[in-house]
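What follows is a pair of complexes built around subunit A, which joins subunit B in one and subunit C in the other.
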Partner chain A sequence: MNNSTASPTPTNGADLADGSVPGALPLTGGSPGRLFLPHALITVAALAFMNWLIIEHAPFGVKQIGASYLIAFYHVPSAILMGVAYTLVFAAGIMVLLTKSVEWDRRARAAAAAGLLANGIVLVTGSVWGKAAWNLWWNFQDPRLTTSAVIFLIYLAYFVLSRGIEDEAKRARICAIYGILALLAYMPVKYAVEWFGQGSHPPKVAMDGAQIRDTLNAGLLAFFFLYSLLYRWKYDLDTLRERSDAALARVRRLEDSRS
Partner chain B sequence: MTSFRAWRVLVAWDFTREMRRKNTLVAMGMMALVTLFVFAFAIPTSSVELDQSRAGILWTTLLLAATVGIDRAFRADGEGRLLEGLLLSPVSRPTIYHARVASTLLFVLTIAVPSFGLFMLFFNQSVSAAALGWIALTALATLFGFVTLGVLLSSLTFSVRGGDVLLRVVLFPLLVPIFATAVDATSRAFDGGAPDARHAGLILAFDLTFLGAGHLLFDHGVKDLGPQG
Partner chain C sequence: MKRRNLVSASALLVLAATALAQDADPAPVSNPADYRWAIFTSCSVAFAAIIVYLVVTHNRAASVANDVAALERRLDELEGTSKK
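Right, the complex of A and B next:
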């Protein structure tokens, strides 16, 4: 699924779909959606295996936080992959600025969507754990939960920005800069949590043990499949949407030239 | 013309122009005044709640007023025509960015100082000279960070349809970390303590990060306006 050709191929001498924008899509070719179903099936199997490990393999409770730690098998992989996805948004933003290709903008948006889902799962599972541990659905005194919510807002704004700009090249450039700034804002927040303390966040020592590590690794793999599936889905959807927009624009131009 | 001289000329020109026009200044002042009024009605001036939330009230007021100033950073340039002219000049783009940051900071401080005075007046607050010094230092460092980021985002959104709304949508979430730190530091100053090294470290990290980002990215932000666009 490589759509990174620099410009669309003209057919029967007609005008280009969007020739002025590097990385614009050809009207045909590529294969969005290829191997999507096997990917989805592997994801379902990996998630099922992870849940089986949580029920059968992992200890039912650990010191300090008891059985409520089980939610960490959803929470920790999502938190790690959220960081990976947002780093991809940053890297894709740099590539947009270097190559001026809107192809990287599609990649950045797909990574941001995956990151936002991971972030959402981090927030929901954190909140559920908070209810079990503190009898509170939300605690603004906990720096990690609060900073995760702030980061969620930052990347939600990325999508508002992305949807608010119509011009493809301009949107790619502006969203790239915002994606870079978003990660730069995320870094001080991450270190602030270290400086200002863990709050009520459970310490890492509570997650020790071979069985827990195995289950956590399986969770990491399962959630990797899940978020990469979302990445592909968003990327393919944007590819098809932009291709259909380009085709529609071309039909309109042809109609205008004939009338 | 050296970069420093060009920077100085641009700062003086931009600041003087805005001070003469006054329309944005009035809008910022009104925003600060209205926000203080709303809080004065919402929270009794001699209550425990006020002592707990006074730093938050002060920073909400400054944030809302300063955002009006950030919004005009490029929008007031006649739909970017003035900026286009500047980009055609031999002055480097980072110099234009740093000049706009400095003039906007001066402009924001012009409103922040009387707003602080009104806040003290409306809410019957009194602080020691040392606390006042800490609050001033925190405000200066925080507003500098706010302006470095705000000017960069303003340069991105001012030419977009509905850019004024978009600016707020993208600016506020990015500002939460620095403003939360500033509220914490100011609250300590009001209580008679000094902001600790962690507050200073976080605010300075934010300032330097976004000043560096603005220096590097401003050129990309205004690319479609300049001669290379």
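Right, the complex of A and C next:
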């Protein structure tokens, strides 16, 4: 999206206190999504490089779980970045409450979208890995699996809540509080094994060795590009939606004043 | 919206069918090294689909953004006129 699309009168980060509809938000806050395609291409390259490392570089199988451990190169980076994304939702929620800016609400929603995709990938790859390693697609007795699924639903509900509230200021405030509380619900996922016992999921899989570390780091980088791409996509589209809503509100006001 | 739901439902059905087929026919894998290519192919297709979707919809949004910008400029003019 190019810079020329920015409004001549940007009111980005409109103050919620006055309850006004922002007249014209620029498409992105200060940095238009001009580099979206290069970002996407870098993501493709990073994912291809990670896959190449998985095929050619990483050792085939580790002692505990054999070849199925290869899926860890998708599962573990996604799990780490899911935690990062949900922490960003929490931080953006605090910023909404402190600054009363809808800009941070958009950032929180974008981070929640990235976290939700990461969470989805964690659940799917975890399930496939579980089938290969334990001959089980799912085990509801396992605390980490169950809490991961619950947190997915909690953040899915975040979007339902966000879509359900029309008033911008009210939505930002309520979603901020929800996002802050949701991180508390995320803690049982992180500490599930320590708090509730091991279940099927081991506390830590021994994945030592330079080749495995290289591949894991490449996976972390590749997934960082992927989730940040989704973050930017969600942020840009939400900004555009709010801009068009604001323009529509101006059209209605104009029609009212003329009738 | 309906088409999107249809695509999502189809994807879920394909996943479910794959899972069922796996359970019905647990044929041993003759060459475990094939797993690597299975992972590479399936994950590449899934990620490529996600990235293509993001780029296409973002590009479409960029063209809509131009229209919104034009609308905003016109509104600025009209509001200027109406205030006079």
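Everything below uses one rule, namely that the second predicted complex is superposed on the first by the 223 of 259 C-alpha atoms of A that agree within 3 Å, B and C clash if a C-alpha of one lies under 4 Å from a C-alpha of the other, contacts with A are read in each partner's own complex, and residues count from 1 in each chain.
By our rule, a residue touches a chain if its C-beta (ideal position, glycine included) is under 8 Å from a C-beta of that chain, and two chains touch if they have at least 3 such contacts.
What you see is a predicted model; the values in this text were computed from it and never measured.
By the touch criterion defined above, A:Ala249 reaches neither subunit B nor subunit C.
Using the contact criterion defined above for the overlaid structures, shared-chain residue A:Leu98 touches neither subunit B nor subunit C, since it reaches no partner. When the shared chain is aligned, no partner comes close enough to touch A:Leu35: not subunit B, not subunit C. Residue contacts after overlaying the shared chain place A:Ala45 against neither subunit B nor subunit C. Between subunit B and subunit C, it is C that contacts the larger number of residues in subunit A. Of the two partner chains, subunit B is the only one that A:Ile174 touches; subunit C does not reach it.
Contact with subunit C, but none with subunit B, is seen for A:Ser257 once the two complexes are overlaid on the shared chain.
Contact with neither subunit B nor subunit C is seen for A:Leu136 once the two complexes are overlaid on the shared chain. The residues of subunit A shared by its contacts with subunit B and with subunit C come to none at all.
Within the complex formed with subunit A, the residues of subunit B that make contact are 149, 152-153, 156-157, 160-162, 166, 169-170, 172-174, 176-177, 181, 198, 201-202, 205-206, 209-210, 213, 217, 220-221, 223-224. Residues 1-2, 4-9, 24, 27, 33, 36-37, 40, 43-44, 47-48, 51, 54-55, 60-61, 66-68, 70-71, 74, 117, 131, 137, 226, 229-230, 233, 236-237, 240, 243-244, 247, 250-251, 254, 257-258 of subunit A touch subunit C in their complex. The residues of subunit C lying in touch with subunit A in their complex are 19, 22, 32-33, 35-37, 39-40, 43-44, 47-48, 50-51, 54-55, 57-58, 61-62, 64-66, 68-69, 71-73, 75-76, 78-79, 82. Those residues of subunit A whose C-beta lies close enough to touch subunit B in the complex are 97, 147, 150, 153-154, 156-158, 160-161, 164-166, 169-170, 173-174, 176-178, 180-182, 184-185, 187-189, 191-192, 195-196.
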